[in-house]
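Okay, got some structures for you below.
Presented sequentially are two complexes of chain A, the first with chain B as partner and the second with chain C.
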Partner chain A sequence: MIDVSAFHDALGIMFASAGSWGWIVPGLIIGLIFSAIPGISITMAMAIVLPMSLYMDFFPAIVFLTSVYTGAGFGGSVPAILMNIPGTPSSFATTFDGFAMSQKGLHNEALGHALFASTICGIFGYVLLLLLIEPLADIVLRIGPLEMFAVAIWGMLLLGSLGSTYISRGLLAAAFGVLLGTVGMNTAGFTRGTLGIPVLLDGISPIPAMIGLLAAGQLLGLAGRDYIIDADGAREVSIRRILAGCWGTLKYPGVLLRGSIIGVVIGAVPGVGSSIGNLIAYAETKRTAKDSATFGTGNPKGVIAAESAVASGEGGSMATMLALGIPGGGATAILIAAFMMHNIVPGPGLIQSQKPMVYAIILNNMVQATVLLAVGVAFIYVAANVVKVRTRYVLPSVLVVATLGTYAVTGEIAGPITLFIFALLGFALSRYEYPIPAVVVGILLGRMLETEFLRSYQISGGDPLYLFQRPGAVAIVGVMVASLGMTAWSKRKQRRAEAAEEAALLRQLEQDKVPAPPRASAIKG
Partner chain B sequence: MRIGRHTYVIEYGHLALITLIAGLVFWYLLDARSVSLSVNNLLLVEPVSLFTLALYAFIVPQCFHRVDEAEAAAIASDQDPLSPTAAPDYSDLIKMGALSVALGLMVFLLETIGFDIAVFLFSAAAMVVCGERRPLRVLVFSLAVTAVAIYGFRAMIPYPMPTTLL
Partner chain C sequence: MTDFTRREAFRLVAGSVGVASGLVAMPSILRAADYPTRPINVIVPFATGGYNDRLSRAFAPYLEKELGQPLVIVNKPGAGTQLGNSYALNQPADGYSILCTSAAPYIPLTVLLQNAPYKVEDFSMLNLPSRDYTLAATSSDSPIKTFAEVIEKLQADPGSLSIGVQPASADYANMVLAFQAAKIDPSKLRIVTYDGGGPARNATAGAQVDVGFVGGEGFLPLVSKIRPLAIFAEETVDWYPDAPLIGASGLKVDFVEGSQRGWVVTTKLKKEQPEIFKFLSGALERASKNPKAIEALKLQQLATTWYGPEASEKAYLANADKMAKYIDLMK
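Our next item is the complex of A and B:
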């Protein structure tokens, strides 16, 4: 738990270097803008500003870089809500209900929900980090391939909640996605499905594929419209409604809490990060919601669940980085590089020798999450005006940025070609009611599923009872099974209640029909 | 199509799509098996491929809809123009098709004619497809998109972007 004297010293560091707080706003703005551009990742944004931090002192440099990280965590949700293109893979689940809300003219509220969920859960994630940094690090060290495989399976359970009209088509889309995710060389060194193209050795790049699949369904479909949102009156951009959306987020404390806990835990697992956390948080929220049928059609809980997991996931990945020196993803790897450029090595030694500094970094992240609220409102007010611009200007600009963004991801023409091929595939799939998100989830998790399954198989020697030697994996599987069981039970109860209600209504109607004849006789008479 | 005493409507597009997917999966399975029959290679790929092919067999019948002749005639005579089953708006489909072709041309010509020319031509084409008819606006906006995109991305990404003019 928390070391009070170190915490006191951390407050001292915070206030002694108050000048470094000036880097928060520029860092947030850079993070917001870069991550709102599809294809430009958080890692790329931080890599671009990393050289600038070389000339700063250690604390201001870390404040600046972590501000970029915090801003980028939220920025990806803006294009996800307004145009159905997630700026980063971690904003993918935000598109499910965010874009649907936007199409109903509720883009102000959706952006407000996303921003406030990001802010609150970002702070919550860092509070947990402050309290649990040491035990959390201990848990992370115990995570092996089997636990990772269980987490990936948990991510795949989202498919059950996508609500396709045809279950068989949803399963086909997911299985096809998983297979696409395994193309290339696997961890055992076998190369499959590359057609001799060297670029495919690393597999199909998921970001261009994701942008292509989603862009096809929506962006190309917008060609026939004059504006992104059809209804004339729905294109209003209002600070009042954005703030109302922010305030409305507080109506769902359970969703915020569940999303935050899932985000912190999954975010702490190296190599998994928030790209799965948001999917799991969305799926779990939908599974437990009474109004689960409205998810995907613009339910605010969907936006809040996804964003809360993304924001709190930052705290989780910072825990792994600070306590163990293990980068959870590209962005934390850049942070480690920044630490090392100032001759500080993150890891257990840092926690022991410089605990006040670690606490000061965490506290500053809470300040950043708070400042994000003000900067974020201004940013989304400007960004939301895209709904007022005619598609003849929006479409060429967004498609050009998306295409060049995919080039930025791969550094080769393979990125834009992947985007185009998957755009055509996405168009065909959506035309015949195949859920596009199922393919995207399959592509995102396919490689991880195979890698971790293979490692678990190799370690266990093919013995399924090995599962019982891994209490972490048993716990994850237990939570999954319990969650599924409880959902099935509550759904059964709900169905029975609905059937009883319907029967009662029918009986009532039958009874009402009995006195009806007098009217007929009156006519006859 | 008539089979026995029943008339069927076939969704040819849907059938083609799932057959293409099944064909790709079958080829992928054969390719993986040709590399090695080791469990380390086929642990996930083989079961998921077989599952996908089984799903294909299950979905194929969904492409054939049996229609009662009298019902089909009634549907043909009482077409509700506002119903979701009404004929699609072909002008929108043509616009989407044209935009897709323009996107494809830009993607495949990026390196051949340079990123700047390809982006400019795509922007102009996309604006025209989406309904802009004023040449000055098409020219100025496409130039602006090209300049911002090329200079912006060149400043941000570490890879070279071959251009012709900029």
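Our next item is the complex of A and C:
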């Protein structure tokens, strides 16, 4: 639990270096802008500012970099909501209901929901972190491949809630995505599907592939329209409605809490990152919601659930980094480098010797998240104006920026080529009604599924009873099966009740011997 | 009519050709004499934040002082350094592109395993200050205390312990060599593969696997969570003196040295512009021996040892030969 005297010292560090607080707003804005541009990841934004931070003192440098990180955690949801193209993989699940909301003219509210869900859960994640950083670090190291495999399967369950006209095509699309996710050299050193292209040894880069797939279908769909939102009156940008959306987020404390816990735990696992947390949080919220049928058609809970796991996941990732010196993802790897460049080595030693500093960093992240509430409102107010621009101007700009973004990742032409190929693929998939999100989920999870399954097999020597030596994995599978079972049970009950009601209604109609009136009015009566 | 005789005309033409060819040839001579006149690119074939990236950025201010020009760090990650290496070979041999990289094992590995379109000899070493070695370790709460115990257990039952290692690496070759020396059939071991040193270290520290074979240097932040069993080095390693040498375990094992990281140029530069090569190596030597640089880099756990081009080249080629010899173990 929390060490009171270290906490006191941490407050001292915070206020002694109050000048470094000036880096919060620029950091947040850089993070927001970079992550809102499709094709540029959080990692890249951090990589670009890392050399700058070399010329600062330690605490301001860390404040600056973590502010970029905090801002980037939210920015990705802006294009996800407005254009159905996630800025970063971690806001992929936000597109499901966010874009549907903006189609209904609720883009102000959707952006408000996303901002508050992301930020409040981020703060909650850091509070958890402050209390639990040491035990969490030990738990993280104990998470083995079998537990990770169970988590990946849990993420795949999202496929069930994506909904598509044909189940067979949905499954086929997911299998195709998983297959694409396994291209490259696997963990055992075998190379598959690289066509002799060296770039593919590291696998298909998920960001250009995802943007290509999603943007192609989406942009072609939008090209026929004048504006992103059809209805004339709906294209307003209103600070009042954004704030109403922000405030409305607080009506769903259950969704926020569940999302943050999922986010923190999954974010803390090294090598998983926040791109999976949002999928699981969305799927779980949808499955347990009473109105699950309206998810995907603009249910605010969908936006809130997805975003709740993003910023909290960063908290989890930060815990692993500070406590163990292990990066949870690309962005924390850069933070570690920044620490080391200032002669501070994150890891178990850091927590023991410099606990006040660790607390001060966590506290500063809470401050950043609070500041983001205000900066974020201003940012979405500006960004939402894209709905007022004709699609003939928006679409080419988005395409150009996304192409540049994917080029900028490595400075290699491989990014734009991937984008182009996957755009063609995305066009073909949507033309023949294969669900593109299923392919994206497959690409995001394919590698993890294969790697962790292979390692579980290697560790156990192929013995399935190994499952019972891993209580953690049993617990995850247990919760998953229970959750599925309960959903199936309640759905069945619901269906039965509906059927019974309908039968009773029909009986009554027959007894009354009146000609059957239109059904809608019958239900009303 | 002009007063020119034919001979004079010929002389004029010949002279101007001579001057022109002199002008064409001049720049390379000038370049060598004035070098460097503009910023120098340091190609790091890894993403920002890795060892080589940190080394190049931390060392840059001291090297810049000796070179008299700023350094620009260019990260070219991908395909196990093959992309960055190819990029470096495609730059003109004018001394404005140098590499900061894990020369070993990555250059030989890309050549031997990925059929990279270059040779080990296409790169020349300036200085390789950082030397890493394979470390066999367990989690600190493991019942295993020594490497001899590991051998004993595996001799009795090769499947009794799980072993975490990165395939296609020097660590993997060393693991197989050690167990072959102990007459343990490697094909019967329970080997768990990791696609990077980081995940393999986490699995070792978290007791996911019983024994991990992985580059030792990366363990330093996690040193309190592991117990070193054997390090595959000839002499006690200065950054981890607690680690027992593999020789002390009683096994007679040949092994491949681990990573050799530092400053590299293309062999084309060394051959065509020997003055530039000499200038670069002189600047590196002075910067490496600068007490301020040594102190600053030590705080970041970065190496500054000066071995020089000859010794570095020798170590690199010896390492590459060992890897070629044992490449079948790495596949």
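As a convention for this text, the second predicted complex is superposed on the first by the 505 of 525 C-alpha atoms of A that agree within 3 Å, B and C clash if a C-alpha of one lies under 4 Å from a C-alpha of the other, contacts with A are read in each partner's own complex, and residues count from 1 in each chain.
Note that in this section a contact is a pair of C-beta atoms (placed from the backbone, for glycine too) under 8 Å apart; a residue touches a chain by one contact, two chains touch by 3 or more.
Since the structure is predicted, the reported quantities are computational estimates derived from the model, not experimental observations.
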Original post:
Quick one: chain B and chain C on chain A, clash or fit?
Top reply: fit
**OP:** Check the residue A:V474 against both partner chains and state whether it touches chain B (first), chain C (second), both, or neither.
**Re:** neither
**OP:** Could you say whether A:L395 touches chain B, chain C, both of them, or neither, answering first, second, both or neither?
**Re:** first
Original post:
With the two structures laid over each other on chain A, which partner does A:A175 touch: chain B (first), chain C (second), both, or neither?
Top reply: first
**OP:** For A:P145, select first, second, both or neither according to whether it touches chain B, chain C, the two together, or no partner.
**Re:** second
Original post:
So, A:G347: does it touch chain B (first), chain C (second), both, or neither?
Top reply: second
Original post:
Touching A:V377 in the superposition: chain B (first), chain C (second), both, neither?
Top reply: neither
Subject >> First (chain B), second (chain C), both or neither touched by A:R431 >> reply: first
Original post:
When the two structures are laid over each other on chain A, which of chain B and chain C touches more residues of chain A?
Top reply: B
Original post:
For A:I239, is the partner it touches chain B (first), chain C (second), both, or none of the two (neither)?
Top reply: neither
Original post:
Is A:Y166 contacted by the first partner chain B, the second partner chain C, both or neither?
Top reply: first
Subject >> CA minimum distance (chain B, chain C), superposed complexes, angstrom >> reply: 6
Original post:
Touching chain B and also chain C: which chain A residues?
Top reply: 186, 188, 411-412, 454, 458
Subject >> Sites on chain A touched by chain B in the complex >> reply: 34, 40, 44, 48, 166, 168-169, 171-172, 175-176, 178-179, 182-183, 186, 188, 190-193, 220-221, 223-224, 226, 390-393, 395-397, 399-401, 403-404, 407-408, 411-413, 416-417, 419-420, 423-424, 427-429, 431-432, 449-450, 453-454, 457-458, 462
Original post:
Touching chain C in the complex: which residues of chain A?
Top reply: 47, 50-51, 54, 140-145, 185-189, 198-199, 201-202, 270-271, 324-327, 330, 333-334, 336-337, 340-341, 343, 345-349, 410-412, 451, 454-455, 458-459, 461
Original post:
What residues of chain C sit close enough to touch chain A in their complex?
Top reply: 47-50, 53-54, 57-58, 73, 75-80, 82-83, 114, 116, 159, 162, 167-168, 190-195, 198-199, 202-203, 205-209, 220-225, 296, 299-301, 331
Subject >> In the complex with chain A, residue positions of chain B that touch it >> reply: 11, 13-14, 17-18, 21, 25, 28, 31-32, 35-36, 38-41, 43-45, 48-49, 51-52, 55-56, 58-59, 62, 89, 91-92, 95-96, 98-100, 103-104, 106-108, 110-111, 115, 119, 122-123, 126-127, 129-132, 141-142, 145-146, 149, 153, 156-159, 161
